[in-house]
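Listed after this line are the structures, all set down as structure tokens.
Next, two complexes with subunit A in common: one pairs it with subunit B, the other with subunit C.
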Partner chain A sequence: MVRQRNSRVTAPAERALLWVEDHLRWFLTLPALVLLVAFFAYPIGRALYLSVYSFGTTGRSFVGVENYIAILTKGAFWDSLWITAKFMILAVTLEVSLGIAIAFVLNSRVRFRGLVQTIGIVPLVISPTVVALLWQLLYQNGGVLDFLVGPLTGGPVPWLSSPDVALWALVIPDVWQMTPLVTLIVLAGLQSVPDHVREAAVMDGAGRLRRLVDVTLPYVRELIVLVVILRVVGTMRVFAKVFVLTRGGPAGSTNVVSMKLYREAFRYGNYGRASTMALLLLVFALLITYAFAKISEVEF
Partner chain B sequence: MATENRPTGGLRRSLLRRTEWCYDRLDEYGLLPGLTHGIALVFVLWTMFPVYWMVSGSLRTRRDLLATPPQWLPSTLTVENYVQLFAQRPQFYDYLFNSVVVTAGATLLAVALGTAATYGFVQYDYPFDLGRFHLPFTILATRFLPPIVTVIPLYRIFDATSLLNTKFGLVLAYAAFNVPFVVWMMKGFFAELPDSIVEAAIMDGHTEIGAFLKVVVPMVRPGLIAATIFTIINAWNDLLFAVILTSDTSAQTLPVALATFKTAYVIEWELLTAAGTIAMAPVLLFAFLVREKLLRGFTMGAVK
Partner chain C sequence: MTTGATGAAALAGCSGGTDASDQSDGDSSGGDDGSTDSGGASTGSSSGGQTTVKLAVSSGDGELIDRLLKEYVESEVGVTTETTVLPNANLYERVTTMFGSENDTFDIVAMDDPWMPEFARHLAPIRDHVDDLPTDQIIDQTLNIGTWPTPEEAVPPNAMDKDPQLKALCAVGNSHIFVVNERLYDEVGEDLPETWDDVYRAGKKITEQIDGSYGYAMRGQSGNPITSSYFSVGMSIAGDMFSEEWRYDWADESGVESARFFLDDLKSISPPGVASFDNSQVLSGLADGTIAAGLQWPSGTSLLLNEDKAAEYENIRFVPVPEGDQRAAPVQGNWLLGINSYTSGEKRSAAADVLKSFVSKEAQDRYVDLGGVPFRHDTFEENMDQQPWFEALYGSLQNAKPRPRTPLWSEIEVAQGKQLNAALVDQTGIEDAMNTAGSEIESILQDNGYYD
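So, the complex of A and B:
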């Protein structure tokens, strides 16, 4: 440390200040780290502990790995994972393809581009709870959506009461809310393509679509990977929309993994089972984070 | 056309050429601007309509709102629904108050701790490469964790430490979950500062704490504002933590009230649209204040 210190005897308060100065790096980071340990590491440790117990009306009893065996061999957990996967695949595919398409459209000669971008922010910042309500209102029997699609389907659609339709009734609000995220991110990437690169490609006689595929796409490829990962993570944790619109029904057709865990813990009081499922979910999440870190070459 | 000079072959190439041909014809007949503006218009209508429907619904009578066929424009405007909402459900004052307190507390805590930690990682060296990679990576991993994983054991922990159903417990939980956002958002702002700033400040007679608080913090103010507003939005909008960790009006927030609004067989849509509009308005206002910086938050700093 280059700073010069006063050599005379210092008052206790001043000495304390100097001590803080010397250890400033820990004072800066430790509070945040303590909070993170308390709210991430400790609960995960606690989940490990809970996962070897069974909770019944008479209290809890030690069951060892029984919860793990029960969950991995019975279908219910896998069913909820499969429903989550279906939701994820449908929503992410639609969001990413529509989002990219709209980004390319907006990147061409469109007036009021700034205004359209600003409007794209609106769904992103609205609470998923409110988004679910917006759509529940539109799904009302004889409501706006029935009025619009009625001529095509020949009558009101049982949006939230048919097991065949309900998952789509969750996908649509998610697509509505998150497509603009893809659009805004990809558009930001498209606008960062330097003019001279584009001009050079024109000089070389590359056609419009060749320019798009060979010149523009490399600039946004990383962003597209990023946004896919963000949406995979986002759809994996979907909860509010399911909670408001279907509560996992009808007939369990929208019982995504968050909902499954919620019910296991807070409806059936089976914290052991729920913790075990949570830990299995954690493994999936870590794999995805690792993939993200590899792809985006995380460094600080 | 230039591409015709090249050797042709492959489905991809011929598809590419055909699409390009269509594109050129559209361009030639001057239809391209019409098409792009048409798509942009559809996007705007599709995005704004549900929001319009709820906001306008909150200003209409129930009959008008739920009419078949739909009444696209309200026939009369009234604030009666808002009056009725608070008259019939006075606990809405509590929900609103809880939301404001919890959001403000969590945001202050998350931004303060997150900013300090980020500065530490960027400015100082830590043993075992902690600051360069391991801690930031761990912090990133928490962002990717589905919150349901920690919230179930957290319920048991809160139960044992009597934090359950308190605003303070919710403040801590939201702060912890937003610190990763703040760290990754601020990281970019700190990295953009010139290296010599801190040295120069210390030469000028600042202590290291003083250099951080009086010189560095003011320089990253745009980042602080963006991180603050992003945290406000996250905390204000959350349902999962609030629905699990709170159980009555002493700590329940607006999203919980909205999600559990339909108690009877009928949904009182005229009141629910008013409540939804109240929940939506502040975040929209805040979001527009920082709309350029908001993408950084959503992408963990990947988009500048």
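So, the complex of A and C:
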């Protein structure tokens, strides 16, 4: 409601109230802006600031873009990025495929669906470190996993000690933990498909596949893209599982970017290089996200 | 969400742009997880006319140090102490920040000995403020490790022109000890090992003859774990890792032979999957009898001697770390207490008195009663029965070798560990691994002006 402005208003309090009313939208937005600055703009700005310094044994010195040049021209960073990309592709593909499949199953008339849904969320609420410790026990030589897969593999599997297997040994717990997230989101989308639309398709004689492609998928397409983007970003910054299970080994086969970043920052104390890597990772994540959104023709 | 990694690096570099660092991948010689910050950083003050000395210590042993201060040192010296107990990573960060901004948040700081090369220049010489330190009773190795530059060790270029000065006193006399399952050794007719050859010979018999048991296990994970495991073997067979000119000395014939012993012989008597082992796997294997021998810090003994947690608790024995061709070389891992050089003169004197009282015989006897790890000859000799591992620790400590005294040790051990791990999983040959490690390590040193 717009107050009547009295040309003869002089009371400061009233002027103040009018000013507040005129700028109310900014006041209401302020808390969110503060949070945005504190947890988004400031860390990125700070990282940018640190990235132009080199931290050595005698202190720090300004180096401009040297950190960026050094990291981008050294093979080690690209090796780590490639390992991270492999992890991302494997984990996201499995999580999204399994998650969608489970969502479809849960969306049909399944007995004890509520119970299954509840139990299915449990991995999601466990901390990644605890998940890693749990799977470390399962990966023990001669342990539960070896018992289960032994008939297929003919013997124990060197889950964490073979460079050929170790990356899979990281993918599996990530899939175990994060597939429920995909399932939850996709299931929510499936349940939002109006019954009358589905029934109309049935009455029009559309087959199962046709109904899936032309009726169901359009409703969940944006959610699937969203969940893929969330998982792409999530897998690119995997750390706890790597740290607990492999420390980047064996033979560097699981040396993801976040592991390198951790070492630079918290082992070597070189915040310049660590910040540079973090910003580069952010750029790559944004590029992939943008590209994927563009390809899927989804707008958020 | 994408700013998570960025934010972590950025926020950790806060506080005036100084560094913060988690120093250990789990091989901290004293710091365990647990304690929260029990005090804030306040400026010094007197309490009831007494001087207040503020300390920052690491959780685990830090609580014991605090108890000793409260129960004995305060009344002996006539000061009040305020102790802030921090997890290892946070302690490093706080100390780095404090020294970086040259303030007196804490008067006395605890530090892991690998931190000394980085922080020594910020510590006040202890002998400037106190006389009559009982140095004849303090084990030499624990005095040397608190001296900068460290006697008998290669000195970084920026410290070569400095005379050795005592900058910190030992607070926790940690060193690697060797844990052996006597039952398994008896079953194969072997005595407790004194040399690495004994370990291999006995271990081979155990692995071949006793189902479900293996002769040895190392921490094989890439980086700090495997380097820490290898250090005792490498130093005892191949000698020092670096020459006085900081040239890598482990890629020669004896270095490769030592690596071969570790990566072939000891691996052959280790459980499958040892390349992924960290200390928890070694400890649990020792506790349940699947592993007959392995290196441990004293902190591991509490689990091994717990009858509820260790099936083999009755059969666990502790001996000094075995000898190689050159010598025995247990890894030394002392926690040290040093005086902040930015503290006022009066507070420095009070801090020095606190340290002198802390290392006194009376205080150390009490410290052992509280469960502390000693570092005085007389404390060990008069309290040998206090813990079953004291005798082994006493023997190890007197032969202990510190990790190379350079602020670049973290990078060096990761580079070394990566190659050792690669050779352990047969991704590279042993000689290639040591040569590559040498090249990478010398490159790190070169980039930091060690060869200029």
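Criterion: the second predicted complex is superposed on the first by the 244 of 300 C-alpha atoms of A that agree within 3 Å, B and C clash if a C-alpha of one lies under 4 Å from a C-alpha of the other, contacts with A are read in each partner's own complex, and residues count from 1 in each chain.
Just so we're on the same page, contacts are C-beta pairs under 8 Å (C-beta built on N, C-alpha and C of every residue); 3 or more make two chains touch, one makes a residue touch a chain.
Quick caveat, the model's predicted, so the values are computed rather than measured.
When the two structures are aligned on the shared chain, A:258 is found in touch with subunit B and with subunit C. When the two complexes are overlaid on their common chain A, residue A:56 makes contact with subunit C while staying clear of subunit B. In the superposed pair of complexes, A:77 makes contact with neither subunit B nor subunit C.
In the superposed model, A:35 lies in contact with subunit B only, and not with subunit C.
Judged by the touch definition given at the top, the superposed model places A:268 against subunit C, while subunit B stays out of reach. When the two complexes are overlaid on their common chain A, residue A:43 makes contact with subunit B and with subunit C alike. Contacts of A:237 after superposition: both subunit B and subunit C are touched.
With both complexes superposed, B is the one of subunit B and subunit C in contact with more subunit A residues. With both structures placed on the common chain, the touch criterion links A:106 to subunit B but leaves subunit C unconnected. After overlaying the two complexes on the shared chain, residue contacts for A:87 are found with neither subunit B nor subunit C.
Residues 39-40, 42-44, 46-47, 50, 140, 230, 233, 237, 239, 258, 261-262, 265-266, 271, 274-275, 278-279, 281-282, 285-286, 289 of subunit A lie in contact with subunit B in one complex and with subunit C in the other. Only residues 39-40, 42-47, 49-50, 53, 55-58, 60, 139-141, 156, 158-163, 166, 230, 233-234, 237, 239, 245-252, 258, 261-263, 265-269, 271, 274-275, 277-279, 281-282, 285-286, 289 of subunit A touch subunit C when the two sit together in their complex.
Taken together, the subunit B residues at the contact with subunit A in this complex read 1-3, 5, 16-17, 19-20, 23-24, 32-33, 36-37, 39-40, 43-44, 46-48, 50-51, 53-54, 57, 66, 68-70, 109, 113-114, 116-117, 119-126, 131-133, 135-142, 144-157, 172-173, 175-177, 179-180, 183, 187, 202, 207-209, 212, 233, 236-240, 243-244, 255, 258-259, 267, 269, 272-273, 276, 279-280, 283-284, 286-288, 291, 294-295, 298-299, 302-303. Interface of subunit C with subunit A (complex): residues 1-14, 17, 19-23, 25, 89, 96, 118, 156, 158, 220-223, 225, 271-276, 278, 281, 407-408, 410-411, 414, 418, 421-422, 424-425, 427-428, 448. Subunit A contributes residues 2-3, 17, 20-21, 24-29, 31-33, 35-36, 38-40, 42-44, 46-47, 50, 102, 105-106, 108-112, 116-138, 140, 142-144, 147, 176, 180-181, 183-185, 188-189, 205-210, 213, 223, 226-227, 230, 233, 236-237, 239-240, 243-244, 257-258, 261-262, 265-266, 271, 274-275, 278-279, 281-282, 285-286, 288-289, 292-293, 296, 298-300 to its touches with subunit B in the complex.
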